[in-house]
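As written, the chains take the letters A, B, C, D and E, and residue 1 is the first residue of each chain.
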Amino acid sequence: MLNEHLSNARIIRCTVPGIKDIPVAAKKLLEKIDIAIAFGWVGSSPIDKYSYLAASIGIIMVQSLTGKHIIDVTVHEDEAERPDELYEIAINGAKKRALNLIALLKGSETLTPYAGMGLRQGLPDVGPLR
Amino acid sequence: MLNEHLSNARIIRCTVPGIKDIPVAAKKLLEKIDIAIAFGWVGSSPIDKYSYLAASIGIIMVQSLTGKHIIDVTVHEDEAERPDELYEIAINGAKKRALNLIALLKGSETLTPYAGMGLRQGLPDVGPLR
Amino acid sequence: MLNEHLSNARIIRCTVPGIKDIPVAAKKLLEKIDIAIAFGWVGSSPIDKYSYLAASIGIIMVQSLTGKHIIDVTVHEDEAERPDELYEIAINGAKKRALNLIALLKGSETLTPYAGMGLRQGLPDVGPLR
Amino acid sequence: MLNEHLSNARIIRCTVPGIKDIPVAAKKLLEKIDIAIAFGWVGSSPIDKYSYLAASIGIIMVQSLTGKHIIDVTVHEDEAERPDELYEIAINGAKKRALNLIALLKGSETLTPYAGMGLRQGLPDVGPLR
Amino acid sequence: MLNEHLSNARIIRCTVPGIKDIPVAAKKLLEKIDIAIAFGWVGSSPIDKYSYLAASIGIIMVQSLTGKHIIDVTVHEDEAERPDELYEIAINGAKKRALNLIALLKGSETLTPYAGMGLRQGLPDVGPLR
């Protein structure tokens, strides 16, 4: 999908052991590239949620230090009960966030028409307030 | 409203995918401008609250690094039960915070008469303690 | 009170929209002055507590970056049930912390005789363990 | 095990008083070496979880500052009820993470075939979603 | 006790208003000295725990910035029910951590024989897993 919209883009894939390893991996990548998208899977225990919080703070810190976006696609195991639902959430969220990535690369004002429309990552959109 | 009070101000609007993307977007904007106001919408789940916490830490970090204010208008979906109430909270909070922005730009001592008066963002004011 | 103990001190008062705006305001002030004291009012909801946590991390970060103290007088709305009790806590805490500020300015070893004595900010002192 | 896969590696072992001492110890080590692996033991109380969160944020911060990985093997006392189960989790997690360390040293793309396969640190693998 | 083991050490005592003031005080001290040990007393309310979390993150941040250890002796009021128990925990924890400080000053590998032995700060040791 990214290749369709960004025909000249070079895409690098990198795998890390766990979500807390994302910030440093992203920082190293962002020395060479313009934007990153992070796919994280978070368990359902309170410990997993603390790891999610720590990773999120780290991802935000790296963005602030590099001045580059890291788009964050995080799927939480407790967002759905069945594996096929989780799979849909992950795929759906990844696709929507990839479109966000393209929009940010092209200048973030292209996202503005979608602001406040109740669009949700991975889940059905809820629509605007009124 | 901002145009009435700040007739010469240049206003830039920028949309990001989610609240955790606000800190880096604000940092990039603040290299060009004097102050930012961030409008964030936060869901009601514990995960959303952790995202709010991470985003808040990031916004505070960016302010401390740039020495510039990022006024934060955050509406939490669990602040009210009905969409029209949430809408009112969002509009009301945005207006009050925009006045704060104007006051900070003009020198923050102009906010002092309102300190301790029990004024609340987005909600009815509660009045001073006594 | 500060004027009695610090006859030559210049005192600057600054008001910000909410507690999350304290760190950057303190950072800007501390470029000109030696010490800051922050008065924050925190609501009773879990969201307010997350804001308190983010603000606290920010205040600590600014202190570490500037090498200067920001004394923190935070009153939580759930510390007491009646407004007059909260008022007493706020006034009492502010006075005790102002004395701390004076002690830190004069060299923090002057606080040592009070360490471990069970003195509490805003609340009645609880006494030493034994 | 590390010696088998990395025959020329120099391995330094360092012990610290508690998990919150890991970040600074790792930072000092990473001035001399390429990668670190941290073994932490976390109690089951809420206080221990806050210490885990603070340590995790610190470890992520040090990684981001140094641009080097700190692989994190953390065993939580409440992950299992019996000491022998905890022992298995610790040994199993340490071995899996050591393999991660080797993969990261050899270039992290070597981890990619294992991404999304439901492999878990210290616990039985859960398999891919589909 | 420190004087017995470190006959030439210069010891500076510094008192701060609350635990959130420890990071900046430690940072200023560590410009002049090699290692710090912080004694903090934490109340039992959720607010106190957030303050503990913020202080812990700050202490870790200062350690990472200075490259020097701050050993952390924190007593939580809810660790025991009776004041005399808390007193024992505080004294016991302070003594054990002071030995840690001495070990770190002499090179942290001297702590390694004690790792994984189930030694606990302030509380009875629990022994190794097996």
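Just so it is clear, a contact is a pair of C-beta atoms (placed from the backbone, for glycine too) under 8 Å apart; a residue touches a chain by one contact, two chains touch by 3 or more.
The structure presented is a predicted model; accordingly, all values stated were derived computationally and were not measured.
**Student:** Taking each chain's centre as its mean C-alpha position, how far apart are chain B and chain C in Å?
**Tutor:** Computed from C-alpha means, the inter-chain centre distance equals 24 Å.
**Student:** Express in whole angstrom the distance between the two chain centres, defined as the mean CA positions of chain A and chain C.
**Tutor:** For chain A versus chain C, the centre distance works out to 38 Å.
**Student:** Residues touching two or more other chains, restricted to chain C: which are they?
**Tutor:** Touching at least two other chains: 53, 57, 61.
**Student:** Report the topology of the inter-chain touch graph, choosing from line, ring, star, complete and other.
**Tutor:** Ring.
**Student:** Counting contacts the way the document defines them, list the chains around the ring, chain A then chain B and the rest.
**Tutor:** In ring order, starting at chain A and going to chain B first, we get A, B, C, E, D.
**Student:** For the complex, give me every residue of chain C touching chain E.
**Tutor:** Within the complex, chain C contacts chain E at residues 49, 52-53, 56-57, 59-61, 63-64, 67-72, 76, 79, 97, 100, 104, 108-109, 111-112, 114-116, 121, 129-130.
**Student:** Touching chain A in the complex: which residues of chain B?
**Tutor:** 13-18, 20-21, 23-25, 27-28, 41, 46-47, 50-51, 53-55, 57-58, 61-62, 65, 83-84, 86-87, 90
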